[in-house]
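Each of the next two complexes has chain A plus one other chain: chain B in the first, chain C in the second.
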Partner chain A sequence: MIEFPGNIGVVLSIVFTLLTAIYLLVLFILMLRFFKQTKEQIQKNFIRRWEERIFVYLATEEQPVKVLIHFNRYSYKYLLLFLRNYILALKGKDKDKLLHLINDTELYDYLITQLNSAIKRKLIFGAYFLGLAQSKKAIGELRKKMKSRNEFVFVSCAISLAKIDAEETLDDIFAEAHKFERLSLHTFQSILLEFNDSICVPLLKRLNIKTSDELKPMIISTLRYFKYFPPSPDTLLKMLNDENDKIVIELLKYFGEIEYIDASDKIKIHLQNPNPEIKVEAIKAIKKIGDTNLERNIWDLLYDDNHNVKVTAAEAMYDFSDQSREKLESIEYSSPDTLESSIAKMIIEERAIQFY
Partner chain B sequence: MENIESEKPKIVYAEDDEGIARLVEFKLINKGFDVILLKSGNNVVETIIDKRPILILLDLMLPIKDGITILKELKMNEEVKNIPVIMLSVQGEEKIVVQALNLGAADYMQKPFSTTELASRIDKALA
Partner chain C sequence: MNTLIDFIIYYNYMILYYFVVIVTIYIILNILSFATLYKYTRKVKYVELKDVFRLHNYKAITVIVPAYNEENCIVESVKSLLQLEYPDYQLIVVNDGSSDETLNELIKNFQLKNVSFSPYYEINSNPIKDVYLSPTFPKLLVIDKDNHGKADSINAAINISKNPLITVIDADSILERDCLLKIARPFTENENIVAVGGIVRIANGCKVNHGYIEEVGLSKSWLARFQVVEYLRAFLFGRIGFDVLNSILITSGAFSCFRRDALISVGGFLSGSIGEDMEIIVRMHKELRKKNPKVRITFIPDPVCWTEAPETLKTLESQRSRWQKGTMDSIRLHKDMFLNPKYKWLGMIVFPYYVIFEVFGPFIEITGYMVFVISLLLGIVPLNFAIAFFTVAFLYGVVLSTLAVCLEELTFKRYANAKHLIILMITALLENFGYRQMTAYWRFKGFIEYLFGRRNWGKMEKKGFNNKETKVIRTGYETK
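Showing the complex of A and B:
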């Protein structure tokens, strides 16, 4: 037997270990690829075999139960994934038929079984598809599962309830959300945005009751997303006097979005707000509302101490009216070599490029 | 062997969502059309010049070449500029849709859509 000097033996054993590790890693990657390809092939075969059956179902008056006879329970997962693409891409009668195929067949029972699974992945799968299928009869089950201590499970169930448009569960969603200290406002809002715009009525009511100041800006932002125009905006108008700057900022964005001219007087006060962020949003709101009576006030803000306020005021002047644009253009000549003049020049040039 | 082309009226459909493309194809074949499916914007104009369809269904967001560019090229080509084009768009592309209509598209459909509505838009465009 050949004997190596000590150092060479160590080096060789390291090289051998490394080669073995690389070999095992390559083998592992190849196996992963094999499993992935096999899974994709199963899906492709499934799609090829059953696609036409679903298309015929969509084109005829065939009963959903009869369609499902041709699918075994093991293929339900793939069938649901296959249907998902069509549910998202279609509307009208086509979509209704696909929803019936889930809600009025064994697929529904399968999803409820998944929802009640102890395995989180399956539970989330069940919740997702019950939401996608807008299964009103699953509201009770989803509501129960939403009370989980697991944040992912809560969010999945809450989003599904929102997709089903289960307004009656809104209080539960707010109550349960409090349990999760790490739940971000962004995630919370993404749940609310899944509802239909009719959710704005109960959301507006929540602004009147014991809702924390932390949640109010998020609620107002949701109202803005839906462009909700309340029958009586008194509550929201009063809130423009709130001491919480985040609430005021969201309200300014909201009134600008719905172009609520009657809010102008209240917004005007915020053009003098000591917080430059509020001033900026107030200018933007006035511009969107298009209250030309406040043109002079906006012009004055071109001479504000804050740079962002100056720029926003110049942008508003450019967009307000032909006269205000001419006034902005004239500053280049009337007050050359000033900061205001260079901001005006910058805005005019930017807009010229945009509309080129 | 001589290549015998179908005598059915042809529709060229450029769509990168394969599932939806096959569903629409299925619907149109049942309505008596011959459908030529294209998965990207590549060779759409060439195929149209070669096949001379009676109608074109064109998705706005196609890989390689987008729907607007294809539409411009079609409208500049004397041989195919009169073939009606129905554009398919998703929500949020309203400005591009207006551009497409100004460029001479016959109609547009917004996704998600209903295949029944699409079929009736096709009938209208061919009337």
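Showing the complex of A and C:
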């Protein structure tokens, strides 16, 4: 006979605990739903009242401070959430007026209070809206808060500083980013891309002096995004000889993007690089630059050992010029039943469909 | 006789310990999930997805849709997939030797033209017969091949695809428009991530319009409702909990995203496997961790894929039996990971968990019920003990299911209608009385069939989203 584990009282207390847990959970779920609906209702009511008020503000010369008289501090959070969509959607004078409404009123003080809160959620809220409002006077506070040990707080503050275009904080951002082992280069780049293109000058300087090999590809990729054309690209050209493949790949993409014809001699060398990924990027760069002198070199790569290189070479041949396209078409007859011929046929038909 | 009684007594104790251990594991998983979900929802609150990807540092995606006898849903499905929000993606539909009009429907509706292709296969797949492109829908590419199963179809598409990310979905699944933006984000945040799974939710009862979920709802069928709660439990605390330990052993076959280079380096999906979605993940952990111990396979809870759940007992039975066989197959193929310290948490905790509670779980559970009844009849177990044990077990099940509903309400709140929320809570209570035992029995059948060599796919019967009154019987793929 199996003995009853413990006495019946223990079992009853477990049953009672579980029943209580179920009851509390159900109550909790219902409360969550109730709060959610109440919050939505409050937000709806506010929007109904505010929408008209904000439009009047946008259409007249009313002072921002006067607009805010109609709102109590309790409703600032909802007002900001409401303004967010308009700030993101509007441009020009209307957007500027909305930014004034945040920066030149009590809303700004409210956001600074949020930023200085010990609660992370509030801090991030403050940082986010100060960035959105491009509050230049908040740079000092954001810079301080960016030194947090929490990765998400750092990213939020850094993105806001970038949105404000606080170039002077770039060194701090680089220094702080080092603290976070798990921060990916993509996230880091997302921060940099929030700046405007004037960030390229300090980034290029950084590339020259004090940047690790790990960060260099990210910086070059940021320059590519802004299509930055440096006054003297010598440093970048020299870097095409770098031993780090990632740097070379990013540079090839960069020179292709800015269509820098003077780089094609250096790029040509990489058509023979043992790394097929580099070969592929070199072909693409030459295609973008449009250096038809290298047509013959590209043609040779149609017979490369790597399939991706072959396909990219065929694509480049198709796009280069009418002559190169004809040459590609002729391969079908000159060497039929080869892999090269099937690739050529594939590219020709793919392109034909695209222009159908 | 005494030996038999001793055995029954020990077996009863074993069941009791089994129950205590699984309860403890679930409590830990729940705590981990609550913390992770809370952190995640806070994190994504102010992330503007489109802003992140306007940065040109996104990675292009190929969405692969293997299709076998999907003539009823393929056109709508492709139309909706062509409207996903993502800066650069390609859609590859693989017609896996369908015996119906799947291919012709595609050709007719998308004006497909047959084009040449290069017969170069980076990973093993059976030969591709034809490749089609659409002049009007440049993102669409259709592959036609002989029927060799889902894994082989995916491999064929991987060979044709050039993009760095591969998303695999089922032909009858519905993706939310921004789900590619969401599922691609982890790849940009962490270079060590090789695969990401998204959440799968039940579409039965939802209002579907032109391949999109217009309004989230609940089916009138209790069987479908039970599955809603079951999926919430499985995804919201099962997978998130294991994710914290970097030990996810399965991402949904209905919606997962992989790095192409990682798939190529492990040789692609295993052709002929019953549970190819689980097998590939286990193999990726095994092979890729050798090269890079930081490799990570993760799960994120907000890119949503909606799928149709079976509404008949027969279909559900076939599905569950196949899932059980798939789990057993994947575990058997990689048994060397069991208690292998090289794989850390995965080898020492999660893999043994799967062996004990997922592979042998249904067997222990069903035989446990049997032995318990015999013990009761023989007077080995006192009646008050039996009542107390079952009451605790059932109540505990209710707590778990209600917790899953609670997690949903705390985070994503997809069921906007209060009536649906109340129905979900009632479902969380009711599913513990019969439904869970039934699924355990079907999995037990799958366990026995697998042991005795019956390892086929089985038939799937689905209603389809477009014609809710008509039942369409097909042998389409289905995945967990």
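FYI, the second predicted complex is superposed on the first by the 325 of 356 C-alpha atoms of A that agree within 3 Å, B and C clash if a C-alpha of one lies under 4 Å from a C-alpha of the other, contacts with A are read in each partner's own complex, and residues count from 1 in each chain.
As a convention for this text, a contact is a pair of C-beta atoms (placed from the backbone, for glycine too) under 8 Å apart; a residue touches a chain by one contact, two chains touch by 3 or more.
Just so it is clear, the model here is predicted, and its values are computed rather than measured.
Of the two partner chains placed by the overlay, neither chain B nor chain C lies in contact with A:168.
Contacts of A:265 after superposition: neither chain B nor chain C is touched. By the touch criterion defined above, A:189 lies against chain C but remains apart from chain B after alignment on the C-alpha atoms of chain A. Using the contact criterion defined above for the overlaid structures, shared-chain residue A:55 touches chain B, although it does not reach chain C. Contacts of A:29 after superposition on the shared chain: chain C is touched, whereas chain B is not. Shared-chain residue A:93: touches chain B; no touch with chain C.
More chain A residues lie in contact with C than with the other chain of the pair chain B and chain C. By the touch criterion defined above, A:85 reaches chain B but does not reach chain C. Across the superposed pair, chain B and chain C both touch chain A at residues 88. Residues of chain B that touch chain A in their complex: 17, 19-20, 22-23, 26-27, 30, 111-117. Chain A contributes residues 1-2, 4-5, 8, 11, 14-15, 18-19, 21-22, 25-26, 28-29, 32-33, 36-37, 88, 120-121, 124-125, 128, 152, 156, 182, 184-187, 189-190, 193, 221, 224-225, 307-308, 311, 339, 342-343, 345-346, 349-350, 353-354, 356 to its touches with chain C in the complex. Interface of chain A with chain B (complex): residues 47, 51-52, 55, 58-59, 82, 85-86, 88-95. Across the complex, chain A is touched by residues 9, 12-13, 16, 42-43, 46, 48, 52, 55-57, 113, 115-120, 122, 133-135, 138, 162, 188-191, 375, 379-382, 384-385, 388, 391-392, 395-396, 398-399, 402-403, 405-406, 409-410, 413, 418, 421, 425, 429 of chain C.
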